[in-house]
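Both complexes shown next keep subunit A, but they swap its partner, so subunit B is in the first and subunit C is in the second.
Up next is the complex of A and B:
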């Protein structure tokens, strides 16, 4: 349900806000003392027919991947071009950061992260993304100097950015400690004890039961990473979607923000769908297994 | 568990934050080029900026920017948490389904994206941290409600309430004292304290990102300085080749962030059950 609604809710809310603010939307987006003839601008931006016309028109265009042009950030450039340039970078950033938190979850589950490290993890988890990103930016400046925008510099920015995203704001700590707690709680169930007595591994028994919870946690953490990408991309000067969204917000470019925010919402919706599919597969697996077990009467 | 130590620490940190906010000067002090970038040993208590103005003014103005909005956001989240826990105790399936729907929608949105959309729509002459802090609180609310509802569930939910009714307890005593006071308190207070901390971090992040692009902040008037200005001032000291002696500003900024983090943890621990 949420997955279906998200890509519509975000532009609808933005449209609603534009019309709920005092003053006419065209002059709000571009004040008359800067733009002059706001009536012509309103017509060009489809703002002259009320919120419903604007929303429906924008959504109809968006379904054909037509997001219009940037209003201020890169005036006149098609927003789709900006998105095309930004998306691969952000996808790489989030993918590597996801690997970092998944590594944390696996290490904690397998017992490779000693418990005496928990206080350290908790402390590191408190550090905000901005502070770690600044440290990362300084490390890049020190290492690459003027060459920090070379190909190797860009790669370093991406990797450091992903590491910052994966560790800051409790991402790694939450993944490691959260997943471990989930498994430990499940391990206390009677069926796990019986499985151990039968000589089986606890993980093989608990995994199907905790998988929906772990999948849900992982989705929430990826959304958290998407949120943090804005700060990391701007501080580390990574030309991704977060940087684009921030630039659009700062310069009040509604064209860019509408498209970027809707894209973020769509990614979130896709993650919800993936979660639902995985949960269904796990449920089917649980229903199917165990095979070959017969209750003797 | 002894709650006295965290209570004292939380109280001291909160008093320091509020105290600094209330005594914050309206404008920074006079420019003194001869005192530029002096350390705390030269100019008490925190040293000076590039124009010889005391960093205390920065710290106090930054506290005035974040203190009340962050506190109000914490209160909002705590209230949402209480409502979530109480509704679980009431045991209405329809209400719980509505809460789950609300949680799914709000929880699925990347928070920073929503914050930026709200920031975009704020009129430039009404810039303040309040709307952003309250938006953050609403985005954090589903988590708090979920956790409080889980606590209420473990407690027995509506069966717990019925049991206390059978003992002749009044509704206010059951819900306010037993459910909220004795059982939900640790969760909602911790969630509120964490939200306070996150709002402070959010303000610093937004202000820093705006500063990095030489743009006005969304969270406060141009005449005020935020703790992000301290970070911006101190950052070049991390690069020795720049020969910029502003490490004291960086340390002060990190110290202030640490103070907020310690306050948040201490508030959470002081609310734990004995």
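Up next is the complex of A and C:
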């Protein structure tokens, strides 16, 4: 229920927030004291009837994927076109970063990540995304120069961005050490010891029990990556949703901000739904697994 | 019909591509916000639009004569209250259609339409009242009064009527990102780059196939990129980077006549600053020699300095600059103290007080100027502090500058900025009590009267005399503390040939540009 409401609540809250900022986009483009036509522009952009009228108008258009053109950030470019370019970029960024943290989780769980590396991982995890992103941005500018927005330059930005997201702010460290701790704690359980005595693999026994926890952790980590993506995209100048959201907010480009924020909220909602579905499936599996077993006494 | 236009458009592009040209990549100060000339705000906007559109009349970059690439002939009509313009035949838009008088009158009507929220158009609304077509190539543009030199005032770019459904033009139309013009290049704005593809026409024969514009970012990175031949030019090179680039054999520095002068605007409607003596004192507190040395790196005795002090709102080379008004290169703190005491201020514990309260000056500076004059804001604040004023400093973003400072809504006491002009250095809007760019609403009857004299002047001499008087009065009233003019320099690889840089609009003579090798 909460997941379904997110895409509606977030743009409503953002409309209220950006409405409360000083100035309005029509006056920014055409300050009333130096230019006629401000009122006409406000009317064209549906800014003349208050935040509720604007929000409802925007939602009605958004249902038909009619987002209009950017007012100020990329003036004249259709917002839908901007989204079409930004969505795959952000999805790629988050996906690669997710792979990084999942690799950390798997490696730690399987014991492929030596414990002696733990202090190093903990230290690396302390570095903020901003610092790593700035270093990455400098490296790209110096390496690619004018070509830093060529296809190869963009790919480099994306990969460095994903690496920064996957490593900074304890993302990799948290995933690796957190998942390992979860499994190790579960492995102390009696039923796992009995399973091992029966010659079974511990993972096959622990997985159904730790799965909800791991799924929840992963959802939280992906949400964390989404938040971090805004910083990484802005600093590394990656044309994703986070960059649109940031630039649109700075320039009071309502259409861009609302569209980008709604998408962010939708992704979060989808992740919540996926988590709920997965947890339900695991619960069903756990209930179903001991069929035929009778409790005696 | 549209198929025919498409064929023509493709032919224009193909002819340009088949030429001997190459690609030219360059760094700009920023990505243009809009490629629609009605919504030009920054210098980057003006320069980019110059590649895409033809202005009705423009000044030749070398001879300074008024020229037009699209006007066949013209004649003054209705005793000076109108001008009849006949456009050349054969000029095509980037969509293949022919340029006609309908387009010219559409442009005028779009500017006059109150539904067009354009500060650029607002300027033309002051004297243009209409336009009628008199045939396929002839149009009559009417004025609300007799204009002595109408062609000088008609420097607007022409827009294609076929691309709009109404004369009320909005900035968010796709035209702002993918415009159609008659200029040498067809521009397309991307997220991080603007590309300009050559379009051969009867009046344009570009020798470069494609131009690519990117925002420059860090000046040091720009410099290294240019020296390493990863880019061919930088439009604006900050003074600290000039020695490195000048020392390179592969780069040539080009003067860009932007007629820029720097100032500290004073809020003469606020607190103690209402008193002219306080403004005079602040003018004497500033040690311009030190400001220039510590922020731009020019020492007092440097030869060929790119930075010359000014005492009024014009560059020293301008005919409007009154050389009889002296500049103040150094501070005179004793005289400043005396003036402040005369104004009723008290110095208690080393700080100036007014009405028993310490004076705290809010000082701001347009953030983007920090590239050209690093730390200028801190240096000015330090000098004010040393003279006994408390101060609060902040850098002003471009949006805040447009939205608050220029709209007259800021609560700053002092604002550091820069004005840039083309060949016509009109400053009426800056100092008239109802001027659109009068940021602190400075009002002075004598100044208004002089500006009216300038407006009414028929000859160049009368205009010059009016502005000389203005210079004198402004130096006395001090709505601005005038700092200096700072040369603007570009840097281009030596492979770029024929690169004549036009004043203000920069790319006016782009047809002569080529890239060797």
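Convention: the second predicted complex is superposed on the first by the 255 of 297 C-alpha atoms of A that agree within 3 Å, B and C clash if a C-alpha of one lies under 4 Å from a C-alpha of the other, contacts with A are read in each partner's own complex, and residues count from 1 in each chain.
As a working rule, a residue touches a chain if its C-beta (ideal position, glycine included) is under 8 Å from a C-beta of that chain, and two chains touch if they have at least 3 such contacts.
All values derive from a computational prediction rather than experimental measurement.
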First, second, both or neither for A:250, with subunit B first and subunit C second: both
Partner chain in contact with A:70 - subunit B first, subunit C second, else both or neither: second
Touched partner set for A:264, first subunit B, second subunit C, both or neither: first
Touched partner set for A:130, first subunit B, second subunit C, both or neither: first
Partner chain(s) touched by A:234 [first = subunit B, second = subunit C, both, neither]: first
Which of subunit B and subunit C A:119 touches, first, second, both or neither: neither
Partner chain in contact with A:141 - subunit B first, subunit C second, else both or neither: both
Which superposed partner A:199 touches (first subunit B, second subunit C, both, neither): neither
If touched residues of subunit A are counted for subunit B and for subunit C, the larger one: B
Touching both subunit C and subunit B, counted on subunit A across the two superposed complexes: 22, 141-142, 145, 250, 252
List of subunit C residues in touch with subunit A within their complex: 25, 27, 33-36, 39, 113-119, 122, 125, 168, 170-178, 189, 191-193, 212, 214, 217-218, 221, 224-225, 228, 230-231, 399, 402-404, 406-408, 436-437
Subunit A to subunit B touching residues, read off their complex: 1-3, 5-6, 9-10, 13-14, 17-18, 21-22, 126, 128-131, 134-135, 137-138, 141-142, 145, 169, 220, 223-224, 226-231, 234-235, 242, 245-250, 252, 254, 257, 260-261, 264-265, 268-269, 271-272
Subunit A contact footprint on subunit B (complex, rising order): 101, 104-105, 107-113, 116-117, 119-121, 123, 201, 204-205, 208-210, 212-213, 215, 231, 235, 238-241, 254, 257, 261, 265
Of all residues in subunit A, those that touch subunit C in their complex: 22-23, 26-31, 33-38, 40-41, 44-45, 68-72, 74-78, 82, 85, 141-142, 144-147, 149, 237, 239, 250-252
